[in-house]
Amino acid sequence: MNKFLKVLVSCWLIAVVMLPLSALAQDGGEDAPQIGFWDECANPENLEGEISVGAVFSQVGIAAPYGATQLNGAKLAEQQINESGYLGAATFVLADEDGGSERETAIAAMTKLVDETGVVAVIGPTLSSQAFAADPVAAEQGIPVMGVSNTANGITSMSEADDVNQFIFRNSLPEADVIPNTIAVSVAVLGIQKVAIIYGDDDDFTYSGYTVFVDSLDENGVEILSEDTFQKGETDFSVALTNIIAEEPDAIVVSALINDAVQIVIQSRQLGYNGPIIGGNGFNSPALMVDAGDASEGVLVGAAWNIVSQAPLNVSFVEAYTEAYGAAPDQFAAQAYTGTWLMATAIRCADSTSSDLIRDELASIEGFDSPLGPFSFDVDRNPVHIPVVQIVDGGKFEVFTDAYADYFAE
Amino acid sequence: MEILHFLGLENANIPAQLMNAIWLGSLYSLFALGYAIVFSVLGILNLSHSAIFMWGAYFGLAASCGTSVYDGKCVELNHALWTAIPAAIIGGGILAVVIDRIAFYPLRKRNAPRLSQLISSIGVAIILVNLAQLRFTAERKGFPIADVPNTPINVPNGLDIEQPLDVARLALALVFQESGVSISPIQILVIIVAILLMVGLSYVVARTRLGKAMRTVAFNARVGNLLGINTELIYMIAFFISGALAGSAGILFALARNPAVDPFMGDSLALKGLTVIVLGGLGSIRGAVVGGFLIALIEVYINTATKYGYLDQAFVFMLFFFILLVRPQGILGQPIEDRA
Amino acid sequence: MWGLLDSLLQPILDLATQLLEPLLERLATVGLSEPVVQFMLMNAILGVSIYLTLNCGMFSLANAGFMAIGAYVGAILTTQHGATLGEALLYGMLVAGIIAIPVGLPVLRLRNIYLAIATIGFGEIVRLIILHFDTLAVEFRDSKIFGPIARPILKLMVEDVDARRLEITLGARGITRIPVYTETAHLVVFLLVLSYFLYRLHHSRMGRAMAAIRQDERVAASQGINVVYYKNVAFVMGAMLAGAAGVFNALATRTIEPKAYGFDKAVDILAYAVLGGLGNWLGPILGGLTLTAIPELLRELREYSGVVTGVILLLIIVYLPGGLTSLMIPSFWRNGGRYEFAKRVTTAGVVLVGLVNVLPYQIDNGRILGYEFWGLIIGNMVIVGLLLWVRYTRQRQNGGHFSLPLMGVGITGVVLFIALALVGKIDHLAVGYYVHLIGMALVGLGGWISYPAEER
Amino acid sequence: MLAIQNLEVRYGAIIALRGISFAVEQGQVVTLIGANGAGKSTTLNTISGLVKARMGSIQFQGQAINTWGADRIAQHGLIQVPEGRQIIATMTVQENLEMGAYPRAGGWLGWRGESSDNIQADIEDVFQRFPRLRERRRQKAGSLSGGEQQMLALGRALVAQPKLMMLDEPSMGLAPVLVNEVFAIIKDLKAEGKTILLVEQNARKALDVADYAYVLERGQIAKSAPAFDLRDDAEVIEAYLG
């Protein structure tokens, strides 16, 4: 009997686990935001039924924290698009598939969306390496795919065949665009002469960030005292930071994702370092202030999106997101939200579900007003918008200007 | 100075780095001890140990933060901070016992090969990590920053030296400040708790009847049985201790490195723990402690004194590989027969 | 010579492609798209690679490392030298095999857990070296001692050896723009050839020697079997297979990165083999196929799929000790005469489930059942049930019993279906739903009845 | 004291014991003799609870013990000295003897256990009996010679204050001089009134010390008689005494 019970219990476990724990109820936002090409493109007349746009975001594995907010951002956009009747008679359906955190899972998700679900376009996947593996699956079949968090070099030119590349877009500003600006501005304002670098060397995002940092530091004539590395999952940076602080740098330059960034900021402050810490896109999350608290004061963040930007579209996005999910959005959410609206805009302007037409409309989007600011694609389907340099001051991001020149002076 | 130059340490902040090594070593040892106990008593390499570590942190978090952790970040404490520690220890212990009953007991009863036990521990690890992700999401969580005393001890500005405690604190702070060491009260707590647990455990294993029973069962479970030892009970206790150690390591780590709790927080320690127990000698309690501090020291040294800091993990694994080949029983281990 | 081989192989590959087409279409309808099938096949090869060592009694976890080596060799050859799949495969396997020799000689003296740990260490070292290869290459090139040796080797990998920064493995970013050469037909043919080879191996002198070593190394040695030799041969063969899987993997995913071949992968590979069963070479193949398919089949469960995968792994290890293939080994189905009734009940259940699944699925595309997606899971259960039935009509002896797996299958089926109806994945009003529930309940009941009284 | 009825044991498909029955009375020395693989050790292990019987009953002092765990059986004074001594090599001689008294001391917590003075007194008795152990009490048991290990194993069982001792091949692997010594000890124990179930391949020696004997053959009892009678039994002489 005993054994039988055990079998029963084990099997029951499956059942229990599969029961839905919670269904996230979403209240609709009342005021429709003024986002979108309402005037630039006429109301669509030929669209009807459901139009599926795929979304490949990581819901499990190491990239899941980013995938989760991405999905939130995209879903918010989906809801607004449908409530505002942006696509006329048609319903915009976000067909989201879990991309996992590996290349194989992203390929599988992408293939499913393209071959089975029959999507007209795809947003995602979360990681750059997944994009390299999975984007061509869609692009080779002439389905446009837009990365909303892929920052590695060469995303939009990944294929040998240029007609495949034509279908690959991204709206995420690569580190190569964000970081030079950050370094130039901070060197100009603070007069930095020597820095130490610490970066994650087993992640393509942080590694790319590191190489760009080195190049732009060189260009600005800043001396690099030392380079230290860490690997994903390491949570103790005290050894490297102790070494760095012993070198007395003018600033610590960090290329890390948010979780590591928070730890590095906290630990360097704990070790007695009070100077500027310069980070890239990875730092651009409300978690920096929430998790690091006072330690985050004086952290410089170069980013594609600024949460405190008072641009009306950004304010309404932040409000709507916070209301729907009970937490402030991060950059991943903002980019996914904008990406989804961009895709819907391309569909609206194409007034067709033909992937080719959608691609052409997407490529020709110019001056699209979004939470990211006025947005355009360049000829290589990379985003064009102005990166910002922010500083954490008084528990929130502020735009970093000349006014902060004496901020770090004793 | 000569010797420092030779070692490449002339520019290093040696006291601070030594403190780092001690703190890292305490963490590694505490984590590896649990690994070592289960291995020595049952011969199981329990790869779900790092998942217990992670769940221990969540247990602690849930205990002092209440239900708010489930849905979002913990903004304020529901119960006192210290409740997190016993919750993690007991929770981790019970979890380990449950794991044993579900994943190892049936296999043990059947005399299944060790291979199966390794796999079933992997299965458990997969389940636990995914459950944590389901329950708490993959977002990193932590205690409210204001509540955790993890600002470094330093000389306060306006000090009231009338209290004897303050004098002690001042003295401590002065020593730290002079030597360039920066350490927070919580880190000191970790080191103290780790050392207490290690000393206590070695005492239990070496001196008490329980320890002797555990050693007997570790040597040969059949003999233990014939001597009147309830081996299953001993296994249960061993698993409880192991889980409690993992849980305590988890919560202490979560406190010291607040915020640090996410479903993957055990990943990097899983392999490191393995390295530690191999280096110290599989199944050797003292070995796990020595191994932990040794690995921490090596890491710190490579990072501080050489330009190959990025290779510190590779060095550790090379050493690990080399030790296995030359002396598979580890530095302090008993000679083994498991070798051709 | 290469051209000749190519022209010989091409018709076979074409034929295989044609034959596979309907099968792939059928699989795609249940969520196993062609890339997924490819990954299943690759993982089957990986399962075999570890099986070769396990079959010799060696508990090695080095194969993720060898897979990484294969993948990087394949990627560098195709991107830098324009190699074909065949060439990449050949060199990938060769390099992995050559590296396996010096690794195997010292490491294989260890046993059991010790060997496992040492090979985990090896895998991590490989991953870390690949991660830092470019930096290390510069170090070696500029070093006075190693420079002369390193230069010619590096010349093979990169055009400009004297560049300031060498870009060979590209660290964490990994190699991108790898051409996609791997086709399903390649993998199927490779796996078929491999199966034939394994089949022959089992009946060869070498196969028997390896089996003897697994049984008892000392006895084998005393019978004049060269233990060290055979163990190393098995290790090298395993490494070459893992290398081959790596090449296929690299040439299917367009990009590779070191972290894809870390400890997690090593553990996955082990799970393929053990899940499938180590009784014979079919086990790891079956295990690789199944374990890769499960998460995809469970895709609809989304965030729950990880837990379910873990539970399935655990259930099989705990309740099906010999893995999936043990269902096919006669001794598993021993039973006594008192099981006649149980047999009838089970048979009825199997027939019900089988009918309601297989026939309507073909005829009505699953509409009678109220689902489409879950066809394959159900199909698997039917196969399991049929296997049970076949086995115990053929073999009725004393000793162990098969009640637990039967009950497991039955209860899982029932629970799964109720749960699926609850989450709304199955239309619970469909006739097939109830027929299915009853059928599965009967299978479980059969197991319960046949459960020996004294062990209840 | 100990009564076995119709005991049947299987290892998978292999039948090790095919329904054997025998009894051991208080104060008796009973021996089981037979060839390798006849099922002698299996019998002892089944009584000790290490192996579970498929059928049959085992009664000890009127209680059915066949469903008990090995530890509980040992706690009730049914102590086995296993084949090959099996002393705990990693512990000292003293610790080994202390482990013998583990159930008496009240298990791992020491609840309701006897005082350690009592136990230490019994350990001293063992040292009295085997003075060589006293000299080596602080040594690791693994460093003892074969004969010393056998004495330690016997001593460890004695510390447990057994109601019935089961000795599994005590003479195995020992030099002839030591074999004589071991049997001399068994004779002493018999003289002290201890109840012993002895399993031996050395049938001649075993029959010399035993009161009653059973001959096991392929899992069945082929013969049973007072040991004295079996010594003269032609078949037994041919088969085991040669």
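Which chain is which? They are A, B, C and D, in the order written, and residues in each are numbered from 1.
Definition applied: a contact is a pair of C-beta atoms (placed from the backbone, for glycine too) under 8 Å apart; a residue touches a chain by one contact, two chains touch by 3 or more.
In this text the structure is predicted, and so the values were computed from the model without any measurement.
Chemist: Applying the document's contact definition, name the chain pair with more C-beta pairs in contact, A-B or A-C.
Modeler: Here the pair linked by more C-beta pairs in contact is A-C.
Chemist: Based on the averaged CA atom positions, which chain is farthest from chain D?
Modeler: Ranked by distance of C-alpha centres from chain D, the top chain is A.
Chemist: Return the distance between the CA-based centres of chain A and chain C, expressed in whole Å.
Modeler: Distance between chain centres, rounded to whole Å: 35 Å.
Chemist: Give, as an integer number of Å, the spacing between the C-alpha centres of chain D and chain A.
Modeler: That pair's centroid distance is 73 Å.
Chemist: Return the distance between the CA-based centres of chain C and chain D, expressed in whole Å.
Modeler: That gives a centre separation of 50 Å.
Chemist: Where in chain B do residues touch at least two different other chains?
Modeler: 102, 106, 130-131, 133-134, 310, 313
Chemist: Could you say which residues in chain A touch two or more other chains, in rising order?
Modeler: In chain A, the residues touching two or more other chains are 10, 17, 60, 201, 232.
Chemist: What residues on chain A touch chain C, complex-wise?
Modeler: Touch list, chain A to chain C: 1, 3-4, 7-8, 10-15, 17-20, 59-60, 97-98, 102-105, 107-109, 111-112, 115-116, 129, 132-133, 136-137, 152-154, 158-160, 200-204, 206-208, 232.
Chemist: Tell me, which parts of chain C touch chain A in their complex?
Modeler: Touching chain A from chain C are residues 28, 31, 33-36, 39, 131-132, 171-174, 176-177, 179-180, 253-260, 295-296, 299, 301-308, 311, 314-315, 318-319, 404, 407-408, 411-412, 415-416, 418-420, 422-423, 448, 451, 455-456.
Chemist: Quick check: in the complex, which residue numbers of chain B touch chain C?
Modeler: Chain B residues touching chain C: 43, 45, 47, 102-103, 106-107, 110, 112, 114-116, 118-120, 122-127, 129-131, 133-134, 270-271, 274-275, 278, 282, 310-311, 313-314, 317-318, 320-321, 324-325, 328, 336, 338-340.
Chemist: Can you name the residues of chain C that touch chain B in the complex?
Modeler: 54, 59, 106-107, 109-114, 116-118, 120-122, 124-125, 128-129, 132, 135, 217, 227, 263, 267, 270-271, 274-275, 303-304, 306-307, 309-311, 313-314, 317-319, 321
Chemist: Touching chain D in the complex: which residues of chain B?
Modeler: Going by the criterion above, the answer is residues 208-210, 212-213, 215-216, 219-220, 222-223, 225-234, 237, 334.
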